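Below you'll find the structures, each written out as C-alpha cells.
Same chain, two partners: subunit A is paired with subunit B first, then with subunit C.
Right, the complex of A and B next:
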C-alpha cells in the first residue's frame, strides 16, 4: 500500500458513514422487517416468510396501485419534458444579461417548503379558493365547482414539484452544445428549424433522458401531492406505504411494499444506466 | 462593375460592423479574385473573424454591402449562400458518422442518394482519408478531424471556402503538413478561399493576397512578398517578421537612392521607391535577416552598402539560425538574425554589420 492512500478515504469518511448509517442500515432493517409476521394483536413477530409479498400480489387491489403509480409517473415525465424543454431552450438561446437571474428563478420554488407549495393549490382551486371565489363574484357560476381531489390535480402538483429538475437538466445539456455546430449546419444549407432538428435536439437528448429518469424516480416515490391534492382513488404506491406504516402500524407489510417499490426503481435505474449512462445526471449539478 | 476583365468573386464595399460602441470592422473595401486564396491576417480582436463571418451570414454588417459573384448577399439567408465554412474547432457533428457529416450539406441540396455516396467517397479521397465513412468523429485524431471538416466543406462545391483559423488547434509539425495540404487542395479545386489567421507564416506561405488588419481597419493588402518587403506602415512591418525601426530625416534624394540621417548621426542610404522629399521625417525598416555581420578586424564596407560598428550584447541560438542583439555606439541596438554562414559570435565581441540599400524600406514617421 502506498502511503497517502488514506487521504481520499478520510475525506469520504463523513459522507460514507452518513450514507451507511442513515441509508444502508435503515434499508436493511426494512428488508428484514418485510419477512416478519404481524400477530392479530398487532405485535411484530420475527420470522422469515414471504407472506407479506404474497399478500401484495394476492388480488388485483395492490398491483393496481403499483400500475397507477407507473402510469402517473410516465404522464408526469411526458408533460415535464414538453413543458421543460421550451423554457430550457429559451434560456439557452437568450442573449439577455438577466439569463442567470432567470435560471435562479427556476430554483426559487425550492426555497419554499414542498408541503406549503402543494397546500397552496387548495387556496387557488379549492371550493372557497381564488378561482371559485372569482367565478362566483362575477356571477358565472352559482355554486363552487369542485376542481380538487382528482388525478388531474395530483398530476399538477407533481409537475409543479418536478418541472425545475427537468428544466435544469435540459438546460445544462443544451448549454454544452458547441454553438459552432449550429453555425456549421446553417452554412451547409439548414434552415434554423432543420438545424434544430439535426443538431440541437439530438445533442440535448442526454439531458432530456437524465431529466426523465430523475422525474420518474421522484414521482414514483412521492406521496405528498396525492395525499394533499388527490382523492382516495388517486393513491400512489408511496401513499399505500404511508398508510400501512403510519396508519395501521403494519410495519412488515409496509416494508414489503417498500421493497417492491425499491426493486422497481432499481430495475429502472439499472436499465437506464446500462443503455444511457448515469453520469449525465451528475453533469447537471456541476453547472458549466 | 469593375473595369477589369474578370469580376471579383467576393467584394466588400464600405463595410462597417459595430457591436454596441465597439467597432469591429471599419470602412472595409476589398475585392477577392475568383480562384484565389486570400488571407485575413492580424492580431486577435482585429476584426478578421468578424469579416469572415459576415461573408457566411453569421454576422450582419452594420453598414456597407457584400457581393458574391456580383450579387449583393446582405439579405440572403445563411443557408442559401452556398459557402463552405471550416471552423477552428472543426465543428464536426459528434452524433453523426463521418459519412453523415460529409454528406450533410448534400442532403440539403437535392442530390440523389447514389450521387451523395459517390461525392462523399471522392471528397474523402481528396483529403486522403478514404474508408473512414462509418467511424465517429471522436474516433479520429485532431488532424484527421480537420481533414473531415475540409471534406465536408468542399463536397458541396461552394462558391467560396471560408476558413476560420483552421490550423491553430493543431500542433506545430502537423500544422505545417496541413498547411501544405490545404494549399494543394485549394489549388487543385481552384475554389476561392478566405483564410483567417494570426499566424504570419501561414499567411505568407499560402496566400495569393494578404489583407493585414488592425483594430477593424485595413492596414495593407497585397501579395505576400509586397506586404513583407514593402510594409505600408509601422504596424505591418512589426507584425510580420522581425524588423528594426530606425528613425531619421531625409537629407538627399537622387534617382536611385534616398539618403537618411538617422538619430545616431550616421547617414544611411535606402533605395528610392518614390514618395519622399528632402526634410521628411521617416522611419527606416530593416528586416533582421537582411543584415550581415562580420568580424570587425579586417572588415571593409562594400561600395554602396550601409554599415555600422557594434558589439554583440545578447544572442540566442535557435538551431537553424542565431538571433543577435547588437549594441551600436549609442543607446540603440539592432536585431540581426544570422543564418550562420560565418562562425557564431560571442557576447561582447565587436562586429561590423552591413546591409544593402535595397533592403532598407522607408515609411513616413507616424
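Right, the complex of A and C next:
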C-alpha cells in the first residue's frame, strides 16, 4: 500500500458521512419502520410483520394509485420525447448566432421556482384564466369551461417541469455525434431524411433513453403537480405518502408505501443500468 | 439541411411553439402581478403596483424571504465546500470502491424527495429531536450535493494534473497548491455549483414541506400555504419577485465572474 492512501478518504469523509447519516441510515429506518405496527392510540410498536404491505394490496384503492403513478409517468415520458426531440435537434443543427442563447433560454425554467411554474397553469387554465378569457372574447363559448383539476392539467404541470431535462439529455447526445458521419452519409447519396433516420437518430438514442429514465423517475416521485393541479382522484403515490405521514401520522404505513415506491424505482433504474448504463444521465448535468 | 427547406421551417415553428408552452406560464405570472383586481384573473383592468406594496408590508412573507436567503446561502457554502473535497478525491486519487462511492454520492438525484423527506424526519423522530432550521439545512445539503459534485468533477477532469505537480515540485505544500493553482482554475465551476445549490435550496418545495415548521417557513412553503385558499394577485406578485430574483442571480454572477476574470488577466 502506498503511503498517502488515507488522503482521498479524508477528502471524502464529510460528503460520505453526510450521505451516510442523512440518507443511507434514514432510508434503512424507513425499511425497518415499514414492518412496525401502529397502535390504535397512534403509538408505533416495534414488530416484524407484513401488515402494512398487506393493507396496501388489500383492495383496489392503493394499487390503483400505484398504477396511476406508473401510467402518468409513462405518459409524461412519451410527451416529453415528442415535444423535446425536435427542439434539441434544432439546437444541434442550427447555425444561428443565437443558438447558445436559445439553449440557455430553454434551461431558464430550471431557475424559476417549481411551485410558481406549477401554479401558473391556474392563471392560464382557470375559469377566469387566459384560455377561457380568449375563447369567451372571440365568442367560441358562452360560459367558461372548467379545465382544471384533472389528469390533463397534472400532465401539463409535469411536462413543463420535466421537458428541459429531456431536451438537455437529447441535445448532449446529439452534440456528441461525429459530424463527419453525416457528411459521409450525404456523400454516399443519402437524402437529408435518410441521413437522419440511419445516422443521427440511432446515435442519439442513448440520450433519448437517458432522458426517458430521468423523466420517469422524477415523475414517479412527484408531489406538487397532482397536489396543485389535480383533483382528489388524481393523487399519485407521493401524495399518498404525504397524506399518511403528515396528515394521519401513520408512520409505519407511510414507510411501507415509501418502500414500495423506492422498490419500483430501484427495479427500473437497475434494469436500465444493467442494459444501458446509467452514466449517460449524469453527462447532461455536466454538459455546461 | 437547407435553411429555407420546408422541413426546416416546420422544425423552427415547432421549436417556437415549445418555447411558447414553456414560457407562457412564467410570462403570465409576471404580467398578472400588475393586475389591480382582487378577484378573478382575466381580463386585466389596468396596471397597478398595489400587490407589491402589500407584499412589502407582509411580515410573514418578509420572514420567509429571510429564511430562504439564509438557508440557500448556508446550503450553498456547505455543499460546495464538501463537494469540492469529494470531487478532488474522485478525480485526483485512485482507491478501491471509487465508482460505487461516486454513485452513492450522486444517488440523491434519483431518490424521490418525498421519500427523502419521510426518511430524514423518521430518523429525527427516532433521535427524539424536534424539527428545526438545522434539519432544513442538512436536508438541503444532501439534496444539492450531487449537483455540486457533478459540476465540479466535470471541470476538475479538464484541469491538468501537471499544473499541480509543477507547483508541488517547486516546493508548495498540498494546501498552497490547492489555494494558488487548483482553486483559481476551478473557480467558475465552484461559482456555478454554489449558485446551483443556492437556487435548488431556495426553490425546493416537496422535501421542505416535510421539514419546515411554522417558525422557519421558506418562500415556496409560504406560497404553498397561500395557494390553499385560491390563487390571488398577491401570489402572482410574489412569484414575479421570485422569478426576477432567481433569473437575475445567475445572470449577475455570470457577469461578475467575467468581469472578475478580466481584471485578473
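Annotations for the structure displayed:
Convention: the second predicted complex is superposed on the first by the 279 of 288 C-alpha atoms of A that agree within 3 Å, B and C clash if a C-alpha of one lies under 4 Å from a C-alpha of the other, contacts with A are read in each partner's own complex, and residues count from 1 in each chain.
Convention: contacts are C-beta pairs under 8 Å (C-beta built on N, C-alpha and C of every residue); 3 or more make two chains touch, one makes a residue touch a chain.
Predicted model only: the values in this text are computed from it and were never measured.
Once subunit A is used to superpose the two complexes, subunit B occupies space next to subunit C without a clash.
Rounded to the nearest 10, the superposed model shows the Cα centres of subunit B and subunit C diverging by 80 degrees about the centre of subunit A. Of the two partner chains, subunit B is the only one that A:189 touches; subunit C does not reach it.
In the superposed model, more residues of subunit A are touched by C than by the other of subunit B and subunit C. Of the two partner chains placed by superposition, A:60 touches none, neither subunit B nor subunit C. In the superposition on chain A, A:275 makes contact with neither subunit B nor subunit C. When the two structures are aligned on the shared chain, A:18 is found in touch with subunit C, with no touch to subunit B. In the superposition on chain A, A:87 contacts subunit C only, with no contact to subunit B.
When the shared chain is aligned, subunit C comes close enough to touch A:130, but subunit B does not. Once the two complexes are overlaid on the shared chain, A:48 sits clear of subunit B and of subunit C alike. Nearest C-alpha atoms belonging to subunit B and subunit C sit 11 Å apart in the superposition, given in whole angstrom. Subunit A uses no single residue to touch subunit B in one structure and subunit C in the other.
The part of subunit B that touches subunit A in the complex is made up of residues 56-58, 77-85, 87-89, 91, 93-95, 104-105, 107-109, 152, 156, 162. The touching residues of subunit C, counted against subunit A in their complex, run 1, 3, 5, 7, 11-12, 14-15, 18-19, 21-26, 28-29, 32, 40-43, 81-83, 85-86, 88-90, 92-93, 95, 101, 103-108, 110-116, 118-123, 125-126, 138-139, 141-142, 145, 147, 149-151, 153-154, 199, 202-206, 209-210, 219-220, 223-224, 227, 231, 235-236, 239, 242-243, 246-247, 250.
On the side of subunit A, the complex with subunit C involves touching residues 5, 7-9, 11-12, 14-16, 18-19, 22-27, 29-30, 33, 83-84, 86-87, 89-90, 93, 95, 102, 105-106, 108-117, 119-124, 126, 128-130, 132-133, 159-160, 163-164, 192-193, 217, 220-224, 228, 238, 241-242, 245-246, 251, 254-255, 258, 261-262, 265, 269, 278, 282, 285-286. For subunit A in complex with subunit B, the touching residues are 178, 180-181, 183-191, 194, 198-199, 202-203.
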